[in-house]
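For clarity, chains are labelled A, B, C and D in written order, and residue numbers in each chain start from 1.
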Amino acid sequence: MSGLDDLYKEIILDHYRNPRNRGELDSPPAHRTEGFNPLCGDEVTITFELSNDSVSELRIAGQGCSISQASASMMSAAVKGKSLEEVRELTRQFKSMMSIHGEEIGSEASDLTPKAVFELGDLEALRGVVKFPVRIKCATLSWNTLLTGLGELEE
Amino acid sequence: MSGLDDLYKEIILDHYRNPRNRGELDSPPAHRTEGFNPLCGDEVTITFELSNDSVSELRIAGQGCSISQASASMMSAAVKGKSLEEVRELTRQFKSMMSIHGEEIGSEASDLTPKAVFELGDLEALRGVVKFPVRIKCATLSWNTLLTGLGELEE
Amino acid sequence: MSLPRNIKEQFPLLSQVVNNHQIVYLDSAASSQKPAAVIEAMNDYYRTINANVHRGAYEIAAQATEAMESARSRIAKFIGASSANEVVFTKNATESFNLVARSWGGQHLSQGDAVLITDMEHHANIVPWQILSAERGFEIRWIPLTVDGHLDLTELDQLLDGVKMVSLTAMSNVLGTLNPVRKIADKAHEMGALVTVDASQYVPHLPTDVQDLGADLMCFTGHKMCGPTGIGVLWGREEILDSMPPFLGGGEMILDVRKDGFTANELPHKFEAGTPPIAEIIGLGAAVNFLESLGMAEIRQHEIRLTEYAMNSLADRYGEDLRIHGPKNPSERGGVLSIEYRDVHPHDLSQVLDQRGICIRAGHHCAKPLMKELGVGATARASLYVYNDESDIDALIDALEPAGEMFAL
Amino acid sequence: MSLPRNIKEQFPLLSQVVNNHQIVYLDSAASSQKPAAVIEAMNDYYRTINANVHRGAYEIAAQATEAMESARSRIAKFIGASSANEVVFTKNATESFNLVARSWGGQHLSQGDAVLITDMEHHANIVPWQILSAERGFEIRWIPLTVDGHLDLTELDQLLDGVKMVSLTAMSNVLGTLNPVRKIADKAHEMGALVTVDASQYVPHLPTDVQDLGADLMCFTGHKMCGPTGIGVLWGREEILDSMPPFLGGGEMILDVRKDGFTANELPHKFEAGTPPIAEIIGLGAAVNFLESLGMAEIRQHEIRLTEYAMNSLADRYGEDLRIHGPKNPSERGGVLSIEYRDVHPHDLSQVLDQRGICIRAGHHCAKPLMKELGVGATARASLYVYNDESDIDALIDALEPAGEMFAL
């Protein structure tokens, strides 16, 4: 296994120490969605507002390790202002970066060609998490939670 | 493990080939009790009549291996005419002969002194069964079944 | 291609000497022997990465989790599952059936409904339904048998009327019969019923593809397929498993627990409460590797050949004195031979064979309703697997005659 | 008398090197390491007597049965049971709890009744009751905690009102607290309630006598007491187990199966459906032998000493920067140390320690209601067992400081 430097990049620790878009929006009017990581007890609450099919405002609350907090913070910065379709695409890209089991049978990820490619920017720093499989769920918690929240809107 | 001669004594094979007291009495008036050996599918049905607290008549039906059939046949011969108390005592003696786990915790057998000692007679031939622990249940099936039948009368 | 000649050497137990004879193991339908590779895989786990899974951030816990989950993926592939999430680990096939009955049945079955099973089921696919039926009042129906030990499907349409679940064995552990699962499944699906397959005797012996079988749920057990004790599998189509409520509650199967209730975890963990049988899952993964290295098609061919040899040799030698239950044609059955020989009671026969180191099973084989249909209390069953060869059959055949003499009535 | 100096050598895994450091295993509350004797006992089984139990007349099947049943007797003795029939084998403690809830609870609990548990229970002793309560509408009550992590018994009388079952842990897997089980049991019995004890963290670490504890039923798990995965125990007083309906249905647990129903087997088989975890039972028997050879009183003394050393050394080195949850007095607790160190999240702490080969567990430890009471999402837990010594504690202590620096906010 690789050293800790691959995991705890300086930019991750920065987001951990100074989380962006921290807090909760009043809900309603904001939408609200919660996620758990049953492995380690991490919890995240995302509140967000939409306008014109775009994420106009978003806040993150909850508790967790540096990886889950940093990933949530980076996500909040990355999705703000993006259209729902863009958010979904970015999530797909991020999760595919986080995937060790590309070869897993029946995995959907493998046979999808990305519709658009974003610059992952800061998020690239999380690439090292893949080498620590247990932590992947920490990194993807906020993303999955947001996806679930968006999915609920459609029902 | 010992040779087959310890198990299949000639007298056992004789009882197996020529079972005593085979059949069923009409019930009622006779009492009727059934037993299973879940290990091998052996089944026994005992019908018996009591008079003056003694087993005046008894028949055995069912199917099973040579050991269970011979033991049932021997039992039928041994208990006929005996008082209920004598039957219980004989059963205790027989089962104690059949017991490998004298040292088993909480076993009742160990701290009971027999009230009366019978000649086990033909039944002695079954002593060799103890060396084949799986077959002990074959040998005790009819005895346990009779005990259960007597027990039900008391309720 | 056939199986390696020296395959017995890969099974440590087969070099044992019992009662002064090298062991002749003919009881694989009860439990198979284990290749050294399976035993070693578990030892490796205990010696190098033993740790509780899923919740540990440290290296060996991560490795244990990875070893367990990659075994799950291999097992999923082995049976043609479309995702590893469809493979739920239990302690044995029996628990798998109880899970299906309690969780699916508890949700879908009540008075007026029916479950259709067959006259050749193992108790594992009978009693769980009986327990539930006593509580909820649905009917249990039975597909009868033909005289040659096949399912009698002439009344299938009527039998299926009002049935919500058909639960049947793909191969009988007493008769060896291979059932037309796909045909029955197609009919069942047409009538709106689901199909649970008991593959405990099938997965170890034949190439298995859950899609081809037409199954919705399938139960099997590790110890009959070169794997360890203490491990079973429930496979189910993802949307069906997803719709079922949890069975056992506890750790691992939850996303959240509050004082006022809990939120269940995702598949497959939803059905895996408590610390899983980690070493056993890894052992079963190694067993699947072992079987795949032999080739399931080769294993099936080997067993057909050996069954044919056994049936022919027994008939040649004993003629009318000997009867084998179930289908006559080796390609319609597995290598399970329930033998009636003269008047010798199965238990006595097994005892006498044991004197020559020959292990066969005597009893009802956990199929008492079938025993009743066959009109016997027990059968003497010799069953074959990858490590058996003609010499094992020959030993069995030679040992029957003296047993017959001993117990002649 | 103390434990052998070279005890680590008896545990093959402890000689592993992880991330260039000899492993320091401090996660025994999650799962213990296994002595070579336990691994070998299972290997011996697979290599020499592997066969399905109870139903085979042949030699190795008889030996397998004898090995399994003599393990049962040893385990019964180990916990002071009055008969081997009182020892039921399950796959883990979680299954044991589900058995109790479903079988006993299904018979005795309905609207208006209550079950009393505590704020420090493991999910295994929460979720099974929640599942049943959702179906049957009884109440689940919780004994609260004092600030120092003991049970707060001031309202016990009121809490017990209307309670039919008290189900509580003998030792917390998060706080280490040893609970006054006997005192609570006596009160419960006075009020007509039964008592189930979660001894998953107790049996491995302290001399256990079910009579002294005042338990009616008790659950524990093999893998935390030097035994293999895939094996748990339910102990119960014979008349209570006798009165309970079967839990899982299938082979082994029946005396008879007819088309119209079944007759349950006697104890303990009534609760052991399907092929048992034979190798695992034998492995657990070997684990009990191993623990007895060390002496449970010696193990307890060793752990008190080591807990004291750890608590003192941690306090000396880190003072206010470090907090340990639960009782302050080492003789009131087991060797389970849930540590809060500066602002380092448990998951990060565990990751950093792993770089030095130190295994601790970060998470909610399957005790989410307790986490909520403690006001944390997770704790970092170091837990001790027979093979740990001062050097393990020293390694832990040295590794905390750099972690603190790395994650300083």
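Simple rule for what comes next: a residue touches a chain if its C-beta (ideal position, glycine included) is under 8 Å from a C-beta of that chain, and two chains touch if they have at least 3 such contacts.
From a predicted model like this one, the values you see are computed outputs, not experimental measurements.
**Q** Give the chain pair, either B-C or B-D, that is connected by more C-beta contacts.
**A** Of B-D and B-C, it is B-C that has more C-beta pairs in contact.
**Q** Centroid of subunit A to centroid of subunit B, CA atoms only: how many Å?
**A** Spacing between the chain centres: roughly 73 Å.
**Q** Between subunit B and subunit D, what's the gap in Å when you average each chain's C-alpha atoms?
**A** 43
**Q** I'd like to verify one number: the distance from the centre of subunit B to the centre of subunit C, where each centre is the average of its C-alpha atoms, in whole angstrom.
**A** About 36 Å, centre to centre.
**Q** Quick one: report the Å distance separating subunit C from subunit D, using the average Cα coordinate of each chain.
**A** Those two chain centres are 31 Å apart.
**Q** Residues touching two or more other chains, restricted to subunit B: which are they?
**A** Where subunit B meets two or more other chains at a single residue, that happens at 1, 39-40, 132, 135.
**Q** Quick check on subunit D: which residues sit in contact with 2+ other chains?
**A** Subunit D, residues with two or more chain partners: 19, 55-57, 59, 61, 254, 256, 347, 351, 362-363, 368.
**Q** So which chains end up touching which?
**A** A-C, A-D, B-C, B-D, C-D
**Q** Contact residues on subunit A for subunit C in the complex?
**A** 1, 36, 38-40, 101, 104-107, 132-135
**Q** If we count contacts the way the header does, which residues on subunit B are in touch with subunit C in the complex?
**A** Subunit B reaches subunit C through residues 1, 3-4, 7-8, 13, 16-17, 39-43, 63-67, 132, 135, 138.
**Q** Within the complex, which stretch of subunit D touches subunit B?
**A** Within the complex, subunit D touches subunit B at residues 54-57, 59, 61-62, 65-66, 73, 76-77, 81-84, 254-256, 263, 265, 269.
**Q** Which residues of subunit D touch subunit C once you look at their complex with the stated criterion?
**A** 12-13, 16, 18-19, 23, 27, 30-31, 33-34, 39, 42-43, 46-52, 55-61, 91-95, 97-98, 101, 122-124, 126-128, 130-131, 134, 140, 142, 221, 223, 228-232, 246, 248-254, 256-259, 261-262, 273-280, 347, 350-351, 353-354, 357-363, 366, 368-369, 372
**Q** Within their complex, state which residues of subunit D touch subunit A.
**A** It comes out as residues 19, 345-348, 351-352, 355, 362-364, 368, 371, 377-378, 406-407, 409.
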